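Quick heads-up: structures coming right below.
What follows is a pair of complexes built around chain A, which joins chain B in one and chain C in the other.
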Partner chain A sequence: MKNLFYRYLSEIKAGFRISLIYRFNTLVHLLTAPINLVIFYFLWNAIYGYTGQEIIRGFTLPALISYYAVSIIISFLVWADIDEWMEEAVRQGYLVTDLLRPINYIGSNFFFLIGLKLLNLLIQTIPFFIIAVVFFNVKIAGPAYFLLFFVALFMAFVLNFFISFLVGLTAFWLMKIGGIRRMRRIFVFFLSGALIPLSFFPEWFQRISSFLPFEYIRYHVINIYLEKYTFVEVLRVMGIQLVWIVILCLLGILVWRRAYKKFAGAGT
Partner chain B sequence: MKNEPIICVENLKKTYKTHSREPGLVNAFKSLFKRKYIIKEALKGISFEIMPGEIVGFIGPNGAGKSTTLKTLSGILYPSGGNVKVLGMTPWKNRVKYVKNIGVVFGQKNTMWWDLPAVDTFELNREFYSIPKEAYKERLDRMVKLLDVEKVMRTPVRDLSLGERMKCQAITSLLHNPKLVFLDEPTIGLDIIAKDRFRDLIKDTNKKDKTTFIVTTHDMQDIEKLCDRIIIINHGEIIYDGSLKNIKGEYLSNKIVDVKLEEAHQGFKLKGCKVLKRRKYELKIEINVKKKSINELVSYLLENYQVADILIQDPPIEEIIRNIYEK
Partner chain C sequence: MRYLKLFTKSFALELSSELAYKTNFVIKSLSLVLGDFISPLLAILIYNTTLGIPGWSLEQFILFQGTLILISGLTHFLLIMIPYKIIDEIREGTFDKYLIKPYNTLLFFSFSSVNIGGLAETFTGIVLVTWSMIKLDLSIFSFNFLVYIFLIIIGFLFAYSLMVLIAALSFLVVKSEALVSLFFRVLDLARYPVQIYGTGFRFFLTFLVPVAVMSTYPASSLVFGLDYKSVIGAIISVSLFLFISVYLWKKAMMKYSSAGG
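So, the complex of A and B:
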């Protein structure tokens, strides 16, 4: 048990060390994020001015800007392209070397990703949060909601991990999964409410979407931060997040076993 | 425990099934609907046992099935049939538990963190394999000194030359002091000095820690300097399993005789002998010892020429192996 802990810890360390190599890239994102926010501001400022409405679909203009600010933070911390690594590993054959390491494959990927994100938290998320609060008037959530937000954020991270992982597993059968990966990105981006909050979509669309896991990666998590939900509603969101995590995790384990058999069997 | 084999392979079979693709657009279109399969029998039921502490050379021509065997033994490939017991375990049954006990180098593949310096991989592996700190430090220092990678190991792996990477790779496979090490073409890209050092490292480790090694290579020098025993495989079947000395006894019917003369010779002719090189004061003769004894050849030479020097040699091991492969 103790050894297991150290193994996963060293996986986190590996991720962190790798992220240090790409710290420059990480810092560039810190610069582009506020620019994005400014663009969103001008766009929505014009829309609000044109319609003459104070509130559109439950959002005032400042609330909408806060929505995008928190959305960017979620992108920083949650976004992951594990499917891309997995495709490379299968195609280039270095999956073999992953399998020679004495560590559970799913676990190693998960903790490696956590290690990668650690630096994002330090040099991207926190500075950007300060910028958002100081220059964009983003409200700091109350302590209770702040805490709940973090819990939901972590679950969103896990949820997104498994979605990306499952997409990556298709590489074991299809070898080239560029198309599926792009679809996954679009789905997660659009249906999680990254472009516009889901309440801007028509009713029927929202209903369909509510049966899918994507909006639990972003939309509801942001709403928790914006204190749009009562505690009961927050618990409901987290409950659904948990259910999705369990479903996708079990599915992930199941498919991984088959994928591994397929890989090790090499067509027999 | 002492006298029980560390590896038991019984009737191991592996069949690959791949799609066959004919060239051309029409055929590519056809293959959308009707797929042809190629069945490739990579291993046709091989059996062998390896005792603890052995260094076994596993050789054979390209496509013989060496890598397939090593992959099965390291647990990353399921066989299509047969029994394998390594260290009392079935390699592909409990992967995580099993791979802790082995070290592997696939010369073609990198098992280090690509973007990090090799020393980081070493350090991370220390945690992966829960290696005690002192033992780790001692082993690392010894290997770093022997292979001379003090500087190299601090550069990101992606920037290393092939040979430099192979050296670090070797260290990675030995750091956790595995009982059993599989080396698949480990000397690719190493220069002459590095090869020697690498062989020393393997021999040292074998002597010190009783580590068992299986080495595949196309460099016969590796075999001559490292292995007491060789297994030759061709077309998925074992065609020789025994000591290097015996293979000479069994397959070697020729010897090479270099003769230097005091005076110019006037032709040479003797049954069972073939002249490979003919100069004025020099003859290089290949003798088939089954047809003619060395004794007869030497007396013949001494009788007919003013001999300055005679050198009798076995043909290089490459020659023997080539003969076996070509059979």
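So, the complex of A and C:
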């Protein structure tokens, strides 16, 4: 057990070191992310002014701006491109070395990703949060909701990890999966409510969406931050997140075993 | 003429390399089309729940978005790979071999960098524009449509000069991918009609970094008729942009030391 702990700790460290090398890119993201927020601000400012309603679909203008700000933070921390790494590893054939290591493949990827996100948290998320609070009047959630938000955020991270992992597994059969990866990005992005909160969607669509995992990656997590839910509702969201994690994790392990048998290490 | 041959050759090569993985090719094209339908979908959601963007009806706004998708489709098809290819070649230290080819280096890259995926986007753009033109009862046999086509070319030229600018800067700056992503963020400002921005910002988007030429100008000249002042302003600023980019490229060529890295 202790041994296992050290193995995964070394993965976290490795991820952290890699992210240190790419810190310049991370900083550029920090500088460009507010542009997005500026666009959303002007767009919705015009729409709210023109429509003349104070609350549209449960959101006031300031709440909606906060929604987008928190959404960007979730993108920073939850985003995972494991499918891209897996495609590379399968096609180049260096997955062989990954498999030879005395460490669980899924686990090592997971902790490596956590390591990558640690630096993001420090030099991207926190500064962006400060920018959002100072320049866009994003309100700071109460301590209880702040804490709950972090728990839900972590679960969203795990959930998204497994979705990305499952997509990555298709590389074992298809080799080149740029198209599927792009599909995954579009689906997760749009259906999680990154462009517009799900409450703006038609009723019937919201009902279908509630049976899909995507909105639990972003929409509900943001609503927890915005204190839109009671504690019971928060628990319900987290329960569903957990169910999805278990389902996708089991599915991931199952498909992984098949992929493992299929893999020949020939590369392309 | 030989550049045209170069282009058809590159196109055929790129197509056959894409077709090597047919499943991926199909899914990729589908995903590109799907991705482009996200913004009209967003428009429909916005117009269903609010009065929308002041001054633009849903159909007009979709025409706007179709125009943007059309121009960015053309950009992805013909232009986007130019800086990426050049950055790769510089890094690998293999850029030199292009300098001794009997072609103008910039034109060589301009005509040999093809990305098939962009065609799917261009197509989506055309579909959206056609749909909204029918809905809005706009004719293609009109002066406004002529101006529209002309402004699309201007928008395309602006995108080209941006790519040349990025390519030129990549000789001078090491971390050029970051620059590329910065430029794309700035282009994001063109996603909505410039009228939603404040006056100062609008000036910035029209004259200093004229991203408005990629969406607002063509679309509004087709929908609302020609606004001479903005069109002339756009032409001047795009020509200036193009001139500066090519000038910087020439400078960069003179500075190039083939060090790789």
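What we mean here is this: the second predicted complex is superposed on the first by the 263 of 268 C-alpha atoms of A that agree within 3 Å, B and C clash if a C-alpha of one lies under 4 Å from a C-alpha of the other, contacts with A are read in each partner's own complex, and residues count from 1 in each chain.
Throughout what follows, a contact is a pair of C-beta atoms (placed from the backbone, for glycine too) under 8 Å apart; a residue touches a chain by one contact, two chains touch by 3 or more.
As the structure is a prediction and not an experimental result, all values here were calculated from the model.
Contacts of A:P202 after superposition: chain C is touched, whereas chain B is not reached. After overlaying the two complexes on the shared chain, residue contacts for A:F24 are found with chain C alone; chain B is out of touch.
Look at A:V232: by the touch rule set out above, it reaches neither chain B nor chain C.
Residue contacts after overlaying the shared chain place A:K261 against chain B, while chain C stays out of touching range.
Shared-chain residue A:V134: touches no atom of chain B or chain C.
In the superposed three-chain model, the partner touching more residues of chain A is C, compared with the other of chain B and chain C.
Judged by the touch definition given at the top, the superposed model places A:G93 against chain B, while chain C stays out of reach. Using the contact criterion defined above for the overlaid structures, shared-chain residue A:G49 touches chain C, although it does not reach chain B. Judged by the touch definition given at the top, the superposed model places A:R7 against chain B, while chain C stays out of reach. On chain A, the surface touched by chain B in one complex and the surface touched by chain C in the other have no residue in common. The touching residues of chain C, when paired with chain A in their complex, are 21, 23-32, 34-35, 38, 41-42, 45-46, 48-54, 175, 177-178, 181-182, 185-186, 188-189, 191-192, 195-198, 201.
Of all residues in chain A, only 24-25, 28-29, 31-32, 35-36, 38-39, 42-43, 45-53, 56-57, 174-180, 182-183, 186, 190, 195-196, 200-202 touch chain C in the complex they form.
The touching residues of chain A, when paired with chain B in their complex, are 3, 6-7, 9-10, 13-14, 17-18, 21, 93-94, 96-97, 99-104, 261, 264-268. On the side of chain B, the complex with chain A involves touching residues 14-18, 71, 74-78, 80, 92, 95-97, 99-100, 104, 106, 109-111, 113, 115-116, 120, 124, 127-130, 156.
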